[in-house]
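Handing you this structure, nothing more for now.
We call the chains A, B, C and D, going by the order they appear; numbering starts again at 1 in every chain.
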């Protein structure tokens, strides 16, 4: 069935313009003035609305296994919640256990994701190293549409990648045309600080941010950037949360290095006072890594986004319920790390970004979809309203408003980090793969409707990198 | 007559793709695969070629009056030379004498420009201040398609704008939705250094760069940026030539300020050793302001372009002949300032930028046309290959090469700052307003074919600025 | 009469050590272990106390004429209050009206200062320019012990020095071996913002900081630094109050430029919330320029002091009473600018600097006396406890504490910006010129006891500057 | 026997002044005008000469064992060469093999050093970790006068300290009041680059700098600084050779962190063109780590020294002969790393630093002795000309000149990295421990004359650090 979106203001990364948008067969067929509606087309009146590419959340953890349990949102409920918030694609993570085959883990996650209501793809984590990892990276890129690999610089004694793994994996990614990405925190320092805090009897959730101060993140970001610089690879830093890591990215970019930064809606808008809440459940509900930071860091992150030193916005959506969080009741290091946000990301960003003049609507599109699509090489299939693109579209009412709450959210779980926040600027309709899946509060997500997104290697930047004078 | 460009690789700022391009009536009618040729259409075989938006040079001085003479290239020969190099639009400067009416000067320049072979527009300089200037700025924006004003921070006792003029004019521009631009050099310091050098008997062209050291430019850039910051206006800094002014822009952008930087092809590729040439004509032929800099500055400028802190590339095309340059034979401060480059800009940039891996082809399009079109609010009429855009197109042979020389240039004048440089990557065809005006070395420019480009005020960034929390 | 200070811990800029200190004839005769007391010597038991060089406040305005009135503290009461706080020398300012002879103004101020209770010297302001100013600068340096000149970059239509004056005066200072200093605020911006605020009906003291945002200061600091850089002169920036101007200094110093920064005790410890006080007298009591800033700037200033990018601490002591402040009751631009602090500076700095671990005691001596003495070339006469130095000494009880208040201050006037602050670390004895002038709360200042401090030109740094490769 | 130095200009870190200097019993007895010569005193006429504290070289490797051989200069010849150059103290390194007891290694080195002609001390390297290392660090500090520990971040598979060792050792050093120091290069990257270069057939000494690009050093410096920041320890970075690591130090210092930087005379004055020499012996003679860098890095290092972001100058004196260097004839990674310089350091620094105006004579004293003495807590025993200090003195003829060469050097070995350089400014007399050991070219060094320098822990900065608000 075709859909004609009539009379809206299309917003792409490069401009805004008045146009109708016609979708059919899962694709955008035409974008233009006064388009004629095909017979049987559903017509959506978009007068007064913005028509934007559906959001892409490049950082989610749906259905993540954790100590015998699993996060609240599975691939269906999580992607459905995304649709309710205008997000039509996610890139989730395959995280092999050390010694586990990457291919095995990949297929496991692929299986879990089949129930997704929206399109999805996977970064694959490199958590250990041997020849099979080297080989599997090749297989994943060449045969399975993976073009990015994740490295955790924290989580000592678990999935931490030390410098040896980093240099080997970054080198391998480069030859495959794939993007190395990092969770940047110095695992040794985190470990030491955790031990000290526990020894001092600081076992509550308020000790969590003390165990991961900004410099711990700044160090790791700087290190990963230096490694990428020496090896002449690009780099993508996930969840940049503080001035220190942003500073490292900013300096690298100013010297011409191809480094990209992701920032979470939460880190932009929530400060570290949440860890002082007297109730464990409230404080623990905000435990994630990197932690929320003081307000001056938020100001820095917004500046990074405005100045083009941060490129994508994500959520690290990873929802644990109160019972799961309670596993760390007596020891903050045992609180499962994670918060939600996939449903609220775009509203929070519009409200705090566009309404304040920090971002134009086109810049909003850049940081919610277009940049991500370009960095991970799925543009213009995703990230733009143009003929030929996937029909992933959100209609946006800049005057509409809503109060965010766990009580009204579609996401599962019993906690909402944006609880009580009233935002102005909300999605009215979401179209995913050509289907109207969300309409004015009515969510019509269908399990299994989402498709796996093949992401080809060797985006344009690799061509340029290969010409660069290599260090050696 | 229609033109079908067949089989090329279209390069836009956001991506490269295989497509045919059909032009008619001065516009691009369609971009797509396997387009059918209309009857009578001229078909250009673009196999193996890039198809890119025609270049925009946002900084030229054609037909500039100078002490009773005029520069070598008038609006016809200058724009024609541009077409031969793939540049299809210019933004030139209206420069009123102090006390001269802005409207009077504007109409004078408009008259001179009627013979242009390619599209043109004008920044208007604010060289003095009274109520009439305030009023004329409004008239120019509202009735004449001007959306940018120029301020010379150098040239004391002539057209220099002091801080009082800057704050008044920037404020006025903001309320009109127009962009303030600056030539950033501290005029007092230049004046003092010139007097000192002459007193010390340093009167030759090698004294020219000594009278305008990088810090002189850095200071002025920083000052203009600070004023724009306090007044909450955007700012465009012309011909950024050194690390100091680039640093000021980079810091401002990293803090979220909407500052834009222009860099000249010459400053990117020519160093200050040219002023040491023993022949006056050679050294004087390179006298322009800011002067060419040492190699470390060139490296910094490239990094600025790569990292997105510089946005446009221009030429400051302003050609004086040997006889004119000789007016400063005994006193370097009397050498008319100016060099050419409109014909060579895109080739030089491709060769030194794309061939080295500093820029992808899409980034090349950004810095040669798309960014300029967006900043000066003529996008998507200019700066993109898309249906509806002006048919200003250059076909590019990345394998072709050419040795640049005054002997073979179309530009008038007797000097070429790129003399002897062999570049790889050259234009094979240029289409301007739907006409094939340059074909494999054959220039078919027509006087008066160029149209005046109306530039509307209030680009998207002004909407965001108006929402920003203003300093007061 | 001689004084023997027995059993204390001497603190100099380079180290702390146990020693007795013997003074006679206004000088320190000996510093050593177990010194023998001369007959008739007064013996001070310094067990448990620090023995430090008396403070030097390089920025005061005693007895400043203002619209027919004069500030509350004259040279006697002001210097006496300094003695009560451990400060034994000041450098005040001679501020000629435009067109007034520098020599005439200098002699006027010298006359006023004869009643000083402590040693004093003068920076002379260059507020206008002609040949007589050029000549008088020479006379002041060569015959009157002046080695620094002040330039106000703010106060348009009054004493503002524009770029032309700056370049001429800095050049002149260099050839005389004297230090140029600046009050860094862009006068044009301040003027424009003041007019705007008044037009918008914002006439209260809360508008004062809005008329002088940090960037206004940062711009001017950067400009003065650039001018000094180009002219190869040193530079001293008075009352650095914000991250922007500190940043400019920090960058210049990192590139090897000889730039020095002064910070006020008030700017380090008081934030801009004071301007929100509902009572005019309270808010107006804090009106000074640059204004107090938000807390993040204070943090930056402390870092600047710790890292060696700020060198001296001062007060800008300039006390107006409530009646005088009330002149701006209906128009904040008419509120006389100025606050006190000479009495409290060292206590506030010790409490907020040494007690917090930001500074060692030796670093405290650096920033309260030694650095100032070196920069203004009166070291080791001032700024060190050593044989041969002036007997200007403060004994310090690191365990003593005091609550600062207008009720108990020696300084005249009816306002104290540190009102109610309890500090730990207080002076117990002050010796000035060999006299015990303050003892455990008992102030024994004598009018006319202070001597004029001749400051010779050409400190060591001028020797180095003369060898530097000059820009031209 | 006593020595009276008459009529010279004493240069200390804080000032220059005319004074005689009287030495006896290994100490300076008096500094003053017109001192009377004791009976039998040797009188040195210092008219026209500077009288400065003897240099301290905080980074030497005398008599270093290497693959069954040992470096050319043993503790006698090396310290004697230092005396000929005006350097009267060294701090060398005890480098235990992994698993070797720190105490055992310490005593080994102490034994070797007994023949020293000048005073000496030892940094002890932490090259591995277990409880005995933890305990031995305590013993060394409390019983053996060690107050600094060294960590090699490079040399994988040998003495490299990974992050786990760094965090443990830095923490331990803090509680002992000792300074952590680092050789900052990322060992994983060096290893990878070495392997790649060898695989590509790049086995000559010109590959050496390619295996250790500046970013490899910058990364490690930044990492060590971040660890020190989080653990609230001071940090001393040895042999800073490039803009990247200097930048990390500069940023840390600007934020108030107590980080110190050492720079080698060689890195300041020799560029990386030396590795292009066609003769193996010449190129290999310059192989050390970090390698010599391009000229822009040298400019940055000078700026760091001028601006106070680098504090000490050293040599990393470690001399291998041609035969030893030839061990890497076919594989650059086997060339023993090291160059000389202890004899030339002060001359090279004076010539390139003081003669150019980069440094005043007092600043020269700061960076050749006083800062080092303060950082390593042996001030004022060392680093100042003052009564009570050790009689370690150099007399300096600013007008004298000399051409440096292996042919005329006192240092052993067959290579001089400063070969052929003519310097202006040379030592005429060196007094070490009260003995005139060098006089106008005549070296009278005595084996065993040097004493071990006990360095007490808990310098003043530790007091401040303990008050700082600790991260946790």
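Here is the rule we use: a contact is a pair of C-beta atoms (placed from the backbone, for glycine too) under 8 Å apart; a residue touches a chain by one contact, two chains touch by 3 or more.
All figures in this text were calculated on a predicted structure; none of them were measured in a lab.
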Work out which chains are contact partners of both chain A and chain D. none
Same or different: at the chain A/chain B interface, is the fraction of residue numbers used by both copies above or below half? same
Rounded to the nearest Å, the gap between Cα centres of chain B and chain D is 52
Can you give the whole-Å distance between the Cα centres of chain C and chain D? 38
Averaging C-alpha coordinates per chain, one finds the centres of chain B and chain C separated by a number of Å equal to 49
Touching two or more other chains - residues of chain D: none
For the protein chains shown, what form does their contact graph take: line, ring, star, complete or other? ring
Got a list of which chains touch which? A-B, A-D, B-C, C-D
What residues of chain A sit close enough to touch chain D in their complex? 162-164, 166-168, 171, 186-189, 192-193, 196-197, 200, 202, 207, 210-211, 213, 215-216, 218-219, 222-223, 226-227, 229-231, 471-472
Report the residues of chain D in contact with chain C in the complex, numbered from low to high. 13-16, 250, 253-257, 302-304, 306-309, 354-363, 370, 374, 379-380, 384, 460-461, 463-469
